[in-house]
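The next part holds the structures, each set out as structure tokens.
Shared between the two complexes below is chain A, which has chain B as its partner in the first and chain C in the second.
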Partner chain A sequence: MMAGWVRTLITTLLCLTLSGALAASIWAIAGNPTPVDLPRLLSENMDRSGVAHPVTAVLLNFRSYDTLLEIGVLVIAGIAGISMAKTASLEDPELRTSDTLLYALQRWFVPLMLVLAGYLLWAGAERPGGAFQAGAVVAATGVLMRLGGIPMDFLRPGLLLRLGLGLGFSVFLVVAVASAIGGEAFLAYPPGLTKALIVVIESVLTLSIAMVLLALFVSAPVNDAEDPEEGGPA
Partner chain B sequence: MTASLLYALAGAVLFGMGLYGLLRLPHLLRKLLAFNIMGSGVFLVMVGLPQHRGGADPIPQALVLTGIVVAIAATALAVVLMRRYYHLSGMTTLEEPSPEQRPGGRR
Partner chain C sequence: MTLWLMAGLLFTPLAWAVLTLLTDFRWGRWVTSFGILVQVLVSLGLWLTIARDGGFYYGLGGWDAPLGIELRVDGLAVTFVLLTAVVASACGWHAGVYIDPDKAWHRYFWPLFWFLWSGLNAVWLGGDLFNLYVGLELISLSAVGLVALGGKAAALRASLRYLLAALLGSLAYLLGVALLYGQFGSLSIAGVATLLADNPAPAGSGLALALMVTGLSLKTALFPLHQWLPPAHGIAKSPVSALLSALVVKASFYIAARLWLEFGATIGSFAAAQLVGLLGSAAVVWGSWLAFRQQQLKQVVAYSSVAQIGYLFLLFPLTYSVSEAVSLQAQQGITLQVISHGLAKAAMFLAAGNLILSVGSGRIEALAGVSRFLPFSLFSFGLAGVSLMSLPPTGGFTAKWLLLQASLGSGQWWWVAVLLAGGLLSAAYVFRIYRASFLERPETDRFYHPPRSLEVIPLILALLSLGLGLASEQVLSVMALPFEEAGAP
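Then we have the complex of A and B:
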């Protein structure tokens, strides 16, 4: 088909041009010196951050605004996903696998993965790790448990799910507003409490991130699910 | 030319490949994967370019970490929306079905 051929050519040219422009600007930026030495600025202020790992310090102290907005985006995505859910009962037997190997592995993996998540959360203070990695591991554990058919009633749209989804964002926001009311800047932790506050926020963030990812996983509608009328009883 | 700069340039290539896939592939799941490849290219640029000078820079790394988590959540939401769309329309593309494929027909 002629039109399709021309479109492919134009798209290819467009992508090549954009890619080339991006590469050229990367080359240009790489050749010039930076006006501000951010890594040095960061390492000079590390002792004020309350944690020893620079990435965690950036995420939860110096740029905690980004993290606050991020968990907000995640909660919105989770709520949107749940509102798309087709199955009234999230324990659809069709979704279960009856793989004996999975059952056997699960008994070993689930406790191990939960311990690993706890370790990752705690390790975030001084080495790579933190709320996001721990949350991803907890969510993966949940996916594994769900595939193995372990009942997880708290995932049914209800109070517990909403509480879990909202907890991370609310605690973070409460800390931010409390420090603003207390006379500091928005999201500036009071001195002395920094480490404790970061650990609390990281823990609730872990829970919320895991809940959001798991809720999105289970809320994918099933192909052959009953299809009630729009707005009808689910 | 260092290894880190090579990563950043590879990110630019990935961006172009992803963009092509996003524009040209009809299947929604392929579009989503292509979009993720685009995003990975951006992450690669953001990590590789600062690393080119004076070792790892924690600030872009933290931003990329935030970006990865948001990208995962957005991808999962897109899959949920896609399955809902497929469930309602029986189609896996956004294009108008040709006459022999009526809406509701599973392909």
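Then we have the complex of A and C:
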């Protein structure tokens, strides 16, 4: 009883100290200009980036290596998720609703959400938006359809699902290595093709990001069949 | 040529991750063996190129830092790339035979394996604070996926615990990165180091470094933040445990070490360096003691990792405000420790996996009599143990010898006691396993004989860690190579 109280007190004190130190250092940062002016450097190079929005330019051109690896992280999350899925859960009728209101709403929402996703993807070129946002909206559409009981066979852990997971990443990777084969650095876009390539990459990424998120939602239940464990209690 | 090698190094693991995602386990094995061949050749080629021409910066996408991301390709980085190639190919080869191909979910082993490899290469070469974070995420998530693969509740519990610890560590690191970016406006490590050298350190950069090192220590399982490691490393399949102990924990340590060597002299402090060293020493003693007390074979090996990781953190006190020569000695000692522990621990986990496969149980008592049936695996286990005990002529011995000299040279004699005690304690837990394996009991005469290739792989790794002591001059010479600051050629 006493120990729990002391522990809470210590935790609170630690949290307060850390927050205080963080606040102080953020206060100090806010008052001083940084020695390297990255935003200015960015705006100077914008015309060479192929897109008009700085965030998209950073994500898909200047720091595209980060984005490539981040997509890899998403694919890993998808793989880890579906490796634990059991196929039966996809067919489980208890996981579906038969709500007529939801059916009715779906007819309106699904096309609307897909159009919105398409807009978000396209808007990424000159204002906030892009593959991640569009992918999230497509995934949400999929979640809605699944809750409504639409089967969506491609989500069964088969070749189609795995193709979908890997598609966006593969296209990005092929573009990355194509320039390296052409004698440029890894991930450098050939001049003139920058805009077209970015649009292609963003579109397939939207699809794959949506697949990953949807696969994670669908494959949530844990599998029943197991391996014997090596190190655990017998 | 260099450009091609770099592209191959970055491209191969990622491409093979996607390719093996589309195959089942058996096909994945064939596809992977071709990928391993390519990756080993590319790593070796890059190492030879660096050994001949010296290191360079490689700007990705044709953009230089600070706007783009630069990779720092130097002797130390390519040495670790090569180490990764050796250990990962051994583990991949072992896994291809060891893992049951008939279970459907094992097909996901290969893509996770390749993503892990690409993350490791990204970290060794990373020269950008945020890119290193992405590399860490790549490593952590694929490692967690590998631990959880097809496991029961206990494996899921261990991997979830691992995931939470790894995420907390990553977030602390990211917070530090955000603060440094706020102070300097640049994410390039070299850029920040130059700014620090020319100007007085801005207020709060000490906090940023502390946050980053704390987060990375959690991911490296430094005492007292080590509790997530033994369950995760113990419960994973042996090739996975080998990858985790030999390489994954080293990646976060490598970043912490790079940060300390670049920024530590200006924004570190003597007290902080001593504190980290003290925690490392506590890890050596406490981890070895716990290894000695375990009942499960793989738990012994996992706690031994906690102890061996402790040595690495002696880098912090042994490079802070000491002479150039002592600092170099400490860095060389730690590098050798990373390499020799990587090889020895991979050998140990793979051999332990064979022993468990043979006797059908993970308990140490069950090993009774196994010495007559699996002498090769037991021999590899012992050879790896000799390197952990740091007896000559192993790599472990040379590493401890350099650290000993660095401690005496910097007047910090108290670390000598840790180095000696650690060797004795590791002898205790290795001999305990040996004792169990030589006992004879009447009821134990049925053993499963694993395929010969499973026995050969740990033996090769153990011999490499043994031979490292003899080749340490050559290994360390690459680290001292010239480095062009001017950028990629």
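What we mean here is this: the second predicted complex is superposed on the first by the 217 of 234 C-alpha atoms of A that agree within 3 Å, B and C clash if a C-alpha of one lies under 4 Å from a C-alpha of the other, contacts with A are read in each partner's own complex, and residues count from 1 in each chain.
Keep this in mind: a residue touches a chain if its C-beta (ideal position, glycine included) is under 8 Å from a C-beta of that chain, and two chains touch if they have at least 3 such contacts.
Predicted model, so just to flag it, every value in this text is computed and none were measured.
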(Q) Looking at A:65, would you say it contacts chain B, chain C, both, or neither? Reply first, second, both or neither. (A) second
Q: Scan A:212 for contacts with chain B and chain C and give back first, second, both or neither.
A: first
Q) Counting only touches as set out at the top, which of chain B and chain C does A:15 meet: first, second, both, neither? A) first
(Q) Looking at A:152 after the superposition, I want to know if it touches chain B, chain C, both of them or none. Which is it: first, second, both, neither? (A) neither
Q. Can A:73 be said to touch chain B (first), chain C (second), both, or neither?
A. both
Q.
With both complexes overlaid on chain A, does A:23 touch chain B (first), chain C (second), both or neither?
A. first
Q: For A:170, decide between first (touching chain B), second (touching chain C), both and neither.
A: second
Q) First (chain B), second (chain C), both or neither: which does A:132 touch? A) first
Q: Using the touch definition from the top, say if A:55 reaches chain B (first), chain C (second), both or neither.
A: first
**Q.** chain A: partner with more touched residues, chain B or chain C
**A.** C
Q: Could you give the residue numbers on chain A that contact chain B in one complex and chain C in the other?
A: 22, 26, 29, 34, 38, 42, 62-63, 66, 70, 73, 77, 80, 84, 223, 225, 227
Q | Residues of chain A touching chain B in the complex | A | 7-8, 11-12, 14-16, 18-20, 22-23, 26-27, 29-30, 34, 38-39, 42, 54-55, 57-59, 62-63, 66-67, 70, 73-74, 77-78, 80-81, 84, 86, 132, 135-136, 209, 212-213, 216-217, 219-221, 223, 225, 227
Q: Flag every residue of chain C that touches chain A in the complex, lowest number first.
A: 3-4, 6-7, 10-11, 14-15, 17-18, 21-22, 58-63, 66-69, 100, 103, 105, 108, 111-112, 115, 118-119, 122, 130-131, 134-135, 137-138, 141-142, 144-145, 148-152, 154-156, 175, 179, 182-186, 191, 195, 199, 202-204, 207-208, 231, 233-238, 241, 296-299, 302, 353, 356, 361-363, 488
Q. How about chain A: which of its residues touch chain C in the complex?
A. 21-22, 24-26, 28-29, 32, 34-38, 41-42, 45, 61-66, 68-70, 72-73, 75-77, 79-80, 82-84, 159, 162-163, 165-166, 169-170, 173, 176-177, 180-181, 183-189, 222-223, 225-227, 229-234
Q | List of chain B residues in touch with chain A within their complex | A | 5, 8-9, 11-13, 15-17, 19-20, 23-24, 45, 49-50, 52-55, 57-59, 61-63, 65-66, 68-70, 72-74, 76-77, 79-81, 83-84, 86-87
